[in-house]
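Chain IDs A, B, C, D and E follow the sequence of writing; residue 1 opens each chain.
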Amino acid sequence: MSGEAIAFYMLAVLAAGSALGCVIATNIVRMALCLLGTLGAVALLYFLMAANFLGVIQLIVYAGGTLILIVFGIMVTSRMYGEKLKPRRSEALIGALVVLALFAGLVAILWRGPWVTVVPTEQPNSVAAIGQALLGTYLVPFELASVLLLAVMIGAAYLAQPAARNGRGTEREE
Amino acid sequence: MTIGLTHYLILAALLFCCGLFVMTTKRNAVGILIGVELVLNAACLNLVAFSRYRVGTIDGQIAALFIIVLAAAEAAVAIAIFVNYYRMLATIDADKGDELRG
Amino acid sequence: MGSILRKVAFPIFLIGVAAIIVIAWVPALLYGTVDSMRDDLGRFYKWEPRGEHATLTLDNIRQYLEGSIAGQSAPAAHIRFGRSTAAACTYVLWLLQFRITRDVLAVVGVVGFVSLFAMFAIWWERKVAARMQSRLGPMRVGGWHGWAQSLADGIKLLQKEDIFIAGADPVLFRMAAYVAFIPALGLFIALPFSAAWIARDLDVGLIFILAMYGVGVLGVLIAGWASNNKWSMFGAMREACQMISYEIPLGFALLVPIMTVGTLRLTTIGDLQSGGFQTWLAFRNPFLLAAALIFFIAALASCKRAPFDLPEAESELVAGFHTEYSGFRWALFFFAEYAEMFAAGALAAILFFGAWYSPLPAAWGESWRHGPLWQQALHGVVFSGPLWLIGKGIFFVYVQMWLRWTLPRVRLDQVMYACVQVMLPLAMLVLLANTFWEWQVRDRSVLGTVANLVCTAVGAAAVLAIIGVGLYGFINRRRLVGTQVVKHLPGA
Amino acid sequence: MTAQEVADILKQRFPVAVADAAVEGPHPCVAVTPEAWHEVAVFLRDDPRLAMNMLRCISGVDRHPEPQIDVVYELIAMRAPGGAARQEPRPPASAELWQNGGTIAIRVRLPRDNPRVRSVADVWPAADWLERETFDLLGVTFDGHPDPRRILCPDDWIGHPLRKDYEFPKEYQGIPAAAAPESDSSRVTK
Amino acid sequence: MEENTLSSQPAAPGAIRTEEMLVNMGPQHPSTHGVLRLMLRTDGELVLETIPHIGYLHRCAEKIGENVTPVQFVPICDRLDYLAGMNNDHGYSLAVEKLCGLEVPERGHYIRVIMCELNRIASHLVSFGCYGMDIGAFTPFLYAFREREYILDLFEATCGARLTYNYLTIGGASLDLPEGFVDRLAWFLDYFEPKIDEYNNLLSYNYIFVKRTANVGVISVADAIAYGLTGPCLRGSGVKWDLRRCAPYEIYDRFEFDIPVGMPGGSNGIPPEVVVGDSWSRYYVRMLEMKQSVRILRQCLQQMPAGEFRAKVPRTLKLPAGEVYLEVEGVRGQLGFLVVGENKPIPRRVKIRGPSFCNLSIVPHVCRQVLLADVPAIVGSIDVVMGEVDR
């Protein structure tokens, strides 16, 4: 077994375990912690696939930004000893069955499907390549994404301020 | 035994299914958001794996990059909405939000 | 027992310091030896491809070290050993050629460095604080200026009861300390101590370090939430606000040198500054100097150090997010904090202040780099090497302490104001200006040279001023520390 | 303004309510009936001649064994440099000294078994805590007080400690009292 | 921690619901100066309401006062405002002397003024240092304590105690000044006076410090008077009122000194952000008062005569029937004693008006709609000593 295989299996177990933890956990902060496990493991998998830049972006944007935002949202909206929002039994059962069936189907297809693969090659300077692709081939989506981010920034700021409708000072909140 | 495309795809399928389950069954709105993140992660993993093992270019990575950025934007808006939702209804239970009137 | 301890403690301390100095340059030296050996032998045996994939055998190495390879041109003139030494070194060098050995060594080194540094920094912070407050600080444990105080504290903390409060979330409360500590360790994976001494030379090293800073916040957040204490919660919320906000100016400030050097690989960035004091990036043009300042302030806020220590503001939040922690878990938060402090200082040094190079141009020492062993060692001390980076990092840590014990704490809205309305526009402006500069101004042009010289002069003046103030303080130390203390100073 | 003048003005304005005035001696004092006290207080504060704008202290004095508790209000008139005490929120930061416009003590005599008096917390906000303290330690009830709770003793304390016939409890919340205080006080008195 | 949710009911549709929390600040909290307990009703970082709970340090001082003779009560007075024991002793002694008609010899007067003013400096030093700590600057605290140490050394040489002195007593002082006291004091004054400017430069004019305290917790003149604020809190609001001048007692009319008051920013070297009556003004008044105390002390040293330091006080001092209320300008404001005598050695009633008690009563009024970090800044600038509040 090669080093890559060992690393893959360890990370895959971590990622899958954390994802299952997300499913099982009833405490929402624990779910977020499990999500951190998945995100970190997936980021390391990206490293394993020589997508260093993506792995780092996954860590900085996902784990360092989005996840913190989520935990922040949890803190604002949930209390430790507040009501426990457990899924309804029937829903959980049906959901589990459907999802299991879906997973089984997916695995079956993946297992059977003949995948034409290429031998992975190392990109000599993937960061530069990604940069060039972003500002070359993918310039339009890149710019669109930036416009979207701007819109989101304004929209989120508007949504989050109560004073727009309430007349109370907001600059002291956050 | 070498690690190939199938390994990554199966892992991604597992993440996807977990995310789907979380999305459908959790009642906490933030929990649903976490499910969405899981699903998006699975998609990213697929993209990167395909781009490495099947195409051999970095286009998949670029797509994954966009997904990550959009997921961040989506989470920002979602959290803003949840905070407002919580202020209105005093709960974060997504099932309670079945009224359209704000 | 106690008296014996007291006698041996100080020698142990001195040996430890010496060992650290040795350790600081030996690995780089050995790695260099192995690599150059592989190059030499590869050239000799005509291995294809040379370098990376060729594995040296024990015989190869022994023969090489003894200089007994037939036809070897100059059998490594700089590392000629005796027969017995060579035999001992053979196995070490053979092991060192493997990636996994180096990784294990790197992990051990990082963990060792972080814990040693945290212990040193805690002791040092107490000394710095004490001297600023005309006190003596720890004086007893270990003998010389209480150098073993942190060690004793560490032992005490290990023995202390790990108090777990009944109302807390059992899993998260325990996990949080690790979630905060592990990213702080992870920082050092991509942090080069010198061009050769780095665990993983990532092509995205800089962003990796930033990402680790970002992930570390999560530990604080979870600690605050899991403690089920309102003060902890306040601390966690403040940390989240502050960290998320300050990452933006931090990132912008980092883009400035990245734009100038055109790479995210930290070793490359460092190597670009090998030409002496005036080639350090901060002195290249005024905008880089400004970026260095912005970076330092934003990093201060990211490390939650005063005046931005709101998450643990003791006069407002008791102790903030770690109010409920005790014993070793509590210590982990501090290890993380000091590791982050050092990483911030080291990053400032790598990006702006000449990385692991001394103010002297490295070209002057080029001949020493390939000379006999003692010359190589001296080269590591005088021209470039991990010692310089550690020294610079410690200096910036000192500046952080200096600020902490001098300034009052700002308020949350002021922190946010400073970030969003001052630092962020400033960082953007600097980035824009630097873009324009890099685009229009040639390095060798008159404007470029003048700017470089002016910035160098400013930097040199700052360094000289700091040295001067330090010297003045040292010379007048009997007079300055306050008469009450002087009476108790040794030799008074 | 001397205490005598204050007493005269008060007597002129409230001939019935002002019982007697002892303006000689170290502690010039005007006695006021409990029913009229609030009205007198408003007058004391608002009358431009008196302008007693600061309530310095409220003391309860238990006259045991007489069936009487006195509540003594210490008032002082602080006069801004411009003349009469000014009530504007922010007079110009003055380089001049404010003047002492006279002091007076008002005594309200209350029956010991049911001491009640109208609160003056709406006249001088300073009375809020001072009245709470007097209630806490002497058991004087202040009608119309905005927050009539104990202030120094715990909320579940029984009795009013500064009454002369107060008996120190043997225990509080299961904590036994250390020593019997009677023996102490008797020793000192002898 | 008490559990929160004042409003667990869902708000009416359309209304914005915010999460309010009750937070307990104290009695064990680093910046509540002892055992003050503040209940904060907060919305995020915003403090909507502050409710002080006091009484954790209640030691029945008034009840003790009714059971012991005045001379026995002086040590208890030390423990009221334990940072300014001399001033407390002085106030009580003056009240009893007024009731009994005792005359204090000339030297006794001067000793009293010296001790009171020295203790005022010592106490203001603590206040200055602790206020720095409240704002997050640790270092000035130790500088302040270094200087205070000299004063405590002087006190120790005089009466053997460093905190609870029992020195100024009925009829004068209980001992004469020790040998060399005058020289040591003169040395200290020369040493200390320039330090005040140093500390102003270190802390008072520090940009962050000014930003944290200026225009925070503004108390208007009307409020200050209505709530019975006295001392530096009142003067910080711009009221030039000091009992040492406005109702002179002891021998303060013999000295020249100014009464510092809060001034608007922009002039006299005061930072432009400052508003009269804010936390910075209250703090700065204390800094300036230390200078004035030094001035008074210098004059004392010049004028002080030799002679008796204590009046002849009968061994069992009978308090005549009658009552007396006397206020002195203590360190934190006007310290008042009501003593009711009834021809017995022990008084019928001793009522103590602690200035901190009244000063603290304005906290609920001021700490509304402020940030959490402002609460220590405001409470610290009011500078309460819980020993005096709870008595």
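Things to note:
Following the convention adopted for this analysis, a contact is a pair of C-beta atoms (placed from the backbone, for glycine too) under 8 Å apart; a residue touches a chain by one contact, two chains touch by 3 or more.
No experiment lies behind these values; they were computed from the predicted model shown.
Looking at the partners of subunit C and subunit D together, the chains they share are E.
For the pair subunit D and subunit E, there is no chain touching both partners.
Steps from subunit C to subunit E, taking the shortest chain of touch contacts, total 1. Averaging C-alpha coordinates per chain and comparing to subunit A, the farthest chain turns out to be D. Of the two chain pairs shown, A-C and A-B, the one joined by more C-beta contacts is A-B. With respect to subunit C, maximal separation of chain centres occurs for D (centres as means of Cα atoms). Taking the mean of the C-alpha atoms as each chain's centre, subunit A and subunit C sit 31 Å apart. Rounded to a whole number, the gap between the C-alpha centres of subunit A and subunit E is 58 angstrom.
Centre-to-centre separation of subunit A and subunit B, using mean CA positions: 6 Å. Distance from the subunit B centre to the subunit C centre is 36 Å, each centre being the mean of its Cα atoms. In subunit D, there is no position where the chain touches two or more neighbouring chains simultaneously. Annotation for subunit A: residues 32, 53, 57, 65, 69, 72, 74, 76, 126, 162, 172, 174 touch two or more other chains. Taken residue by residue, subunit B touches two or more other chains at 86-87, 91, whereas all remaining positions touch fewer.
The part of subunit B that touches subunit A in the complex is made up of residues 1-11, 13-22, 24-31, 33-35, 37-38, 41, 44-45, 48-49, 52-56, 58-59, 61-62, 64-66, 68-73, 75-84, 86-87, 91-93. By the touch rule above, subunit E contacts subunit D in their complex via residues 54-55, 58, 60, 62-63, 66-69, 72, 98-99, 220-223, 225-228, 238-242, 245-247, 259, 261-264, 276-277, 322-327, 334, 336, 338, 340, 344, 346, 348-349, 351, 353, 357-358, 360-361, 365, 390-391. Within the complex formed with subunit C, the subunit A residues making contact are 3, 27, 29-30, 32-33, 36, 40, 52-53, 55-57, 59-60, 63-65, 67-69, 71-72, 74-75, 80, 125-127, 171-172, 174.
Taken in their complex, subunit D has these residues touching subunit E: 25-27, 29, 53-57, 59-62, 72, 74, 78, 80-81, 85-91, 93-100, 103, 105, 124-126, 128-130, 133, 137, 150-154, 161-162, 184-185, 188-189.
Interface residues of subunit C, counted against subunit A in their complex, comprise 100, 167, 169, 171-172, 175, 179, 202-204, 207-208, 210-215, 217-218, 221-222, 225-226, 228, 233, 236-237, 240-241, 243-244, 247, 263-264, 413, 416.
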